[in-house]
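So, here's a batch of structures to check.
Below are two complexes that have chain A in common, paired first with chain B and then with chain C.
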Partner chain A sequence: MSGGADHADTIPVRVVAIEEVTPQIRRFTLEPIAGGELPAFSGGSHIIVVMRGAQRVYRNPYSLMSSPHDLGNYQISVLRVDPSRGGSAFMHEQVRVGSEIEIAHPVNLFSLAKLARKHLLLAGGIGITPFMAQLHDLRAGNVPYELHYATRSPEYGAYCELLSGNEPTAVSLYHDSNKHFIDIEGLLGDQPLGTHVYVCGPAGMITRVLDTAHALGWPDSHVHYEKFAAPPTGDAFDATLLRSGIDVHVQPDQSLLEAIEAAGVDAPYLCRGGVCGFCRTEVVEVDGELIHNDHFLSDQEKASGKVIMPCVSRARCTKLVLDL
Partner chain B sequence: MNVAFKQDQVYRGDYTFRNSPAAIRRFPLPFPEDRYMYSVNIEPHVPGPVGSVIEFPIDCDEHYVEECRERAIVIKNDPLRIQALPHMMSAQWDTLELGMQSLAQSYPDKFSLTRNGREWHWINRPLGLDQKFVFGEPKSLPYEPLEYITRQLQGDWVIMDQRDNDLWVEGGMVTGPADWSMDFDMGMSFKEWHGPVPLGHEMGVFDRALKFLLNLRLNEPIRRYNWTMTVNANLDSSPHNYPEWGPDRTTVTIENVAQKLHLRTELQGLWRLPRSNGIVFMVRTYMLSLGDVASIPKWARRVHRVLRDLHPALVDYKGLTRHRPIAVKWLSQFDDGSPTTPGIAPE
Partner chain C sequence: MLITGIRSKPVYAPLQPDLAGRYHVMVGHGVGAAPLARLLGELKAAAPAALARTRVWYITDPAASQSSAEVFHAANVAEVRIFDAIDPLLADLTNALDEALMGTRLYVAGPESFMGLIMRIAHGFNLAGDEVRAEECGTMARRVHCIHCRATIEGVRTNIVECSCHRWLVVRDHYSRRLAAYMGVMVDAEAPGERPDIKEVFL
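Now for the complex of A and B:
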């Protein structure tokens, strides 16, 4: 099945509020244009926001941060990435209160484990957003949880006040500017059996948590992470779509998936962040190097040169033939 | 669709189950061609032709009231047919919402759902139920939400949790299975659950199906068909009561095969559930006697050919070993060797 987020399954929404949360982060409140409620979702879900720019259509994933129990609106936070490929700049510069945009139905690739005896949530920067929604469920439940939330400085700490007000005991805040860092080794080394750890934040933080958990003997099933890699930029390259019989040119600031879509080919996708594996595509031929930026393919698969995830990965070559 | 409910037929004892001429023509024949082998035959569960079993997401047909009554009888005799582990409560509510919303939208003359925040009002006219309750508040319903809604739905319903890149069978209402048991399968992973199925594992069917289902999306349900055969219209062909129906398998003769032997199609639907991020699996069973199959010439030829040429491993797995030769012999009188048109339409 194809994943056309701009087909019948998108939901038209109106931006009803925009708040400047930090110098780089804006929170958008979205209401359904048709009225009524938006689809129910579980904490940790993201939506794809379809942005129709003058030159190009952007589709970026953003975690839902509003309460799963209040479906009158959705809230997302958008970090302005510098330099922006266009999506986050579009949200910051082009989208105003009253703007109408489209979103796809929520997808959850980062859900809370229902059998956990304890939840340990580790957030860095904008990585706080999926936890904001999950906290609504955690507060209502009776499973112990802790949130450790690190930001560059208090000024960059989106939602610190909101969190410390609602979560006096379960939340710990850390600011790099105070030389106050999350003690990942200490935390992961001292948890009761049955604890699940979740991390969302910068790549370095995720890697450290995963490596530490692994070294300490945590089972993989109890370690969860979510990183939406914005599609990395790179050199332009060309790709031939074998079954469609067309060639596409991928601009430096465009993803392979976006170039395929721009050529009118309905390629499958789900997360657009290199996580879910849905857009996995067979590479028929490549005369150079594939630049894998996903978190899905195994090292073996990446080394094989036979598959690629077009949502985030690129190529350095003169010839790339895809089974699409 | 104007559904006239038959109140008097039963799935046990005298087996007075019958299909009306309209029900025969809408029967979902599980063979789009003259041969059958497993495949990942998954398609989007989008609305099909008017009057077909896939016109609406959840079909309500002329057997509705009787099937609900049969379910109540089975649960009374064996309460373990409905189970759900504690962490599946949100999936239970998701399933209740799906069932009520779907029936009320598809059959507004029979069902109505009024939602005011968490205050819900449900009316089921065929069963004479009028229930106000608080969504998310188990005590506001006479049963837990899964049991409450599935007592009012046809077909079996299984809820699965998704974790560790797998799907786990952790709740369900199963009163009309084709020889499998909810109680036995509780807690199993996707592949454990499908362990007994021959050939599919070697073909990689379950690897691909699982991978596909893990990415199943909200608002994009899927469906597939499966089939077997049942002696008498015995909806509850479960291992629990094998002593009651197993011996029936020895009673099929060339004289009674047209009435006794039923082709049994499962319309299987899968929906991603919104609050729990689980998946609900519907197994909706349709039965058609071989005599009724033969009333449609194309189907008679096709079913004859499928049964005649069926892979031996599937013959055994589907429990057809004993009476397949009788069915093939009886159906052969309708097969003049002429071709069949593609697809399942009666012609």
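Now for the complex of A and C:
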């Protein structure tokens, strides 16, 4: 397997439609420039969109929300983050119908459990997107499911209409503006054996679901979450790549992985969100503190100071040597 | 001989309460009473309130006294279900798990062949490794599945066993969770009548 999605692995696509779904969310429809079909994927997959900005290259992950049964195009939704580190602003401001961009092959780190007896899907805001693709499979299958989808208000509810048209019994909508919230404890406390819960949404919602599930005795094997947070910002620092023999400078709003890539080193990655473990890198030497922002390494590994996940983690030090 | 070194052979460990669980289902057979009694004691010491969310299913050992069932009744658990045969227990447990909620932990103690049958039910409910604990005790006699005629032979203690289809089978360590049985493969297919000595190995 090659190191994640390097340039040779990307697929050139053309933006054929852009819809404004809410004031901050746009849906992009992407077709392969070469024609034909895009690679097959399963619900819950994401792609990395490569954005070549004037100053630097952004590579942001977005969930595929279109049907896995229609490979003529992919659809993604981009929430405009304010302030944007650059990626979402680029998609909203620079990308037009007809723009040509590159994407990496789909990767699924949020797939449905094949043997589940029931699926409980909890979405908050833009976190609805991976479930949109999974619903195509769930509707075709025999396994019971429930989708609970919370948004700030009806007008911020991307795809509410799309969802409420189908299976009113399986889909429940909630709006903060109506003081109508998902009863996480009530739901998780009353699910049949063999249920899997999936949560995608704001960090606070994910934490609440994970904590509640744990308190109610849910085993880790039945709890799934996906969090696409932008890499945390911080102080600038420098890193030495031992095998490549180069030094890189990491800007405050840049991730270590982005700085490594900007220096022309093809480092491995898959999720760019600190969950998959693919970019795990050995730390040869560090004279300060590693700031671990990932959800992959164990507490023990984080404390060891011997390993780092460059996609989201940083350092506060004067010397950092990586085995890259 | 091709019966060892196969990784599908299940691995067991002494039972300990999983305090992260909210409901506890304990299932035992015969000599499995002792590990379950010990487990109940540990659960009571660590989290006494959990006993009210604990249920026990048990098959009495006809050779033993009734005392083990009394131990369970005395433990003040929510429910004790006593059976004297496997099939009714399996049906009753299946119905109970169908009503059970997420947060349930399953504990099994007894002979390996019995545990295999319980595990098969657990897998049917998509219970994962972090929801099930099993402690083997009692006979290691195996349930053997004849891969030729698909009959199941209960209580096999020997390395070689004759199936109802009159084939002589070597009992492998290859275990099927779906069938809850070890695979039995014709031992003298290449050289009819040439069979190793028969020995009692699964005691």
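We adopt the following convention: the second predicted complex is superposed on the first by the 320 of 324 C-alpha atoms of A that agree within 3 Å, B and C clash if a C-alpha of one lies under 4 Å from a C-alpha of the other, contacts with A are read in each partner's own complex, and residues count from 1 in each chain.
FYI, a residue touches a chain if its C-beta (ideal position, glycine included) is under 8 Å from a C-beta of that chain, and two chains touch if they have at least 3 such contacts.
The model shown is predicted, which means the values in this text are computed figures rather than measured ones.
Undergrad: Now for A:Pro68: first (chain B), second (chain C), both, or neither, which partner does it touch?
TA: Touch partner of A:Pro68: chain B, not chain C.
Undergrad: Let me test your reading of the model: by the given contact rule, A:Leu193 touches which partner, first (chain B), second (chain C), both or neither?
TA: second
Undergrad: Touch test for A:Leu270: chain B only (first), chain C only (second), both, or neither?
TA: After superposition on chain A, A:Leu270 lies in contact with chain B alone.
Undergrad: Return first, second, both or neither, reflecting whether A:Ser42 touches chain B, chain C, both chains, or no partner chain.
TA: First partner only.
Undergrad: Can A:Ser221 be said to touch chain B (first), chain C (second), both, or neither?
TA: Touch partners of A:Ser221: chain B and chain C.
Undergrad: Determine, under the contact definition given at the top, whether A:His105 touches first (chain B), second (chain C), both, or neither.
TA: first
Undergrad: Just chain B (first), just chain C (second), both, or neither: which does A:Ala113 touch?
TA: After superposing on A, A:Ala113 lies in contact with both chain B and chain C.
Undergrad: Using the superposition on chain A as set up above, list the residues of chain A that contact both chain B and chain C.
TA: 113, 115, 221
Undergrad: Which positions of chain B touch chain A when the two form their complex?
TA: Residue list for chain B touching chain A: 44, 87-88, 90, 94, 97, 161-164, 211, 215, 217-220, 274-277.
Undergrad: Considering only the defined contacts, which chain C positions touch chain A in the complex?
TA: Going through chain C, the ones touching chain A are 20-23, 97-98, 100-105, 125-131.
Undergrad: If we count contacts the way the header does, which residues on chain A are in touch with chain C in the complex?
TA: 113, 115-117, 188-196, 214, 216-222
Undergrad: Would you tell me which residues of chain A are touching chain B in their complex?
TA: 1, 9, 39-42, 44-45, 68, 105-108, 111, 113-115, 221, 270, 276-278
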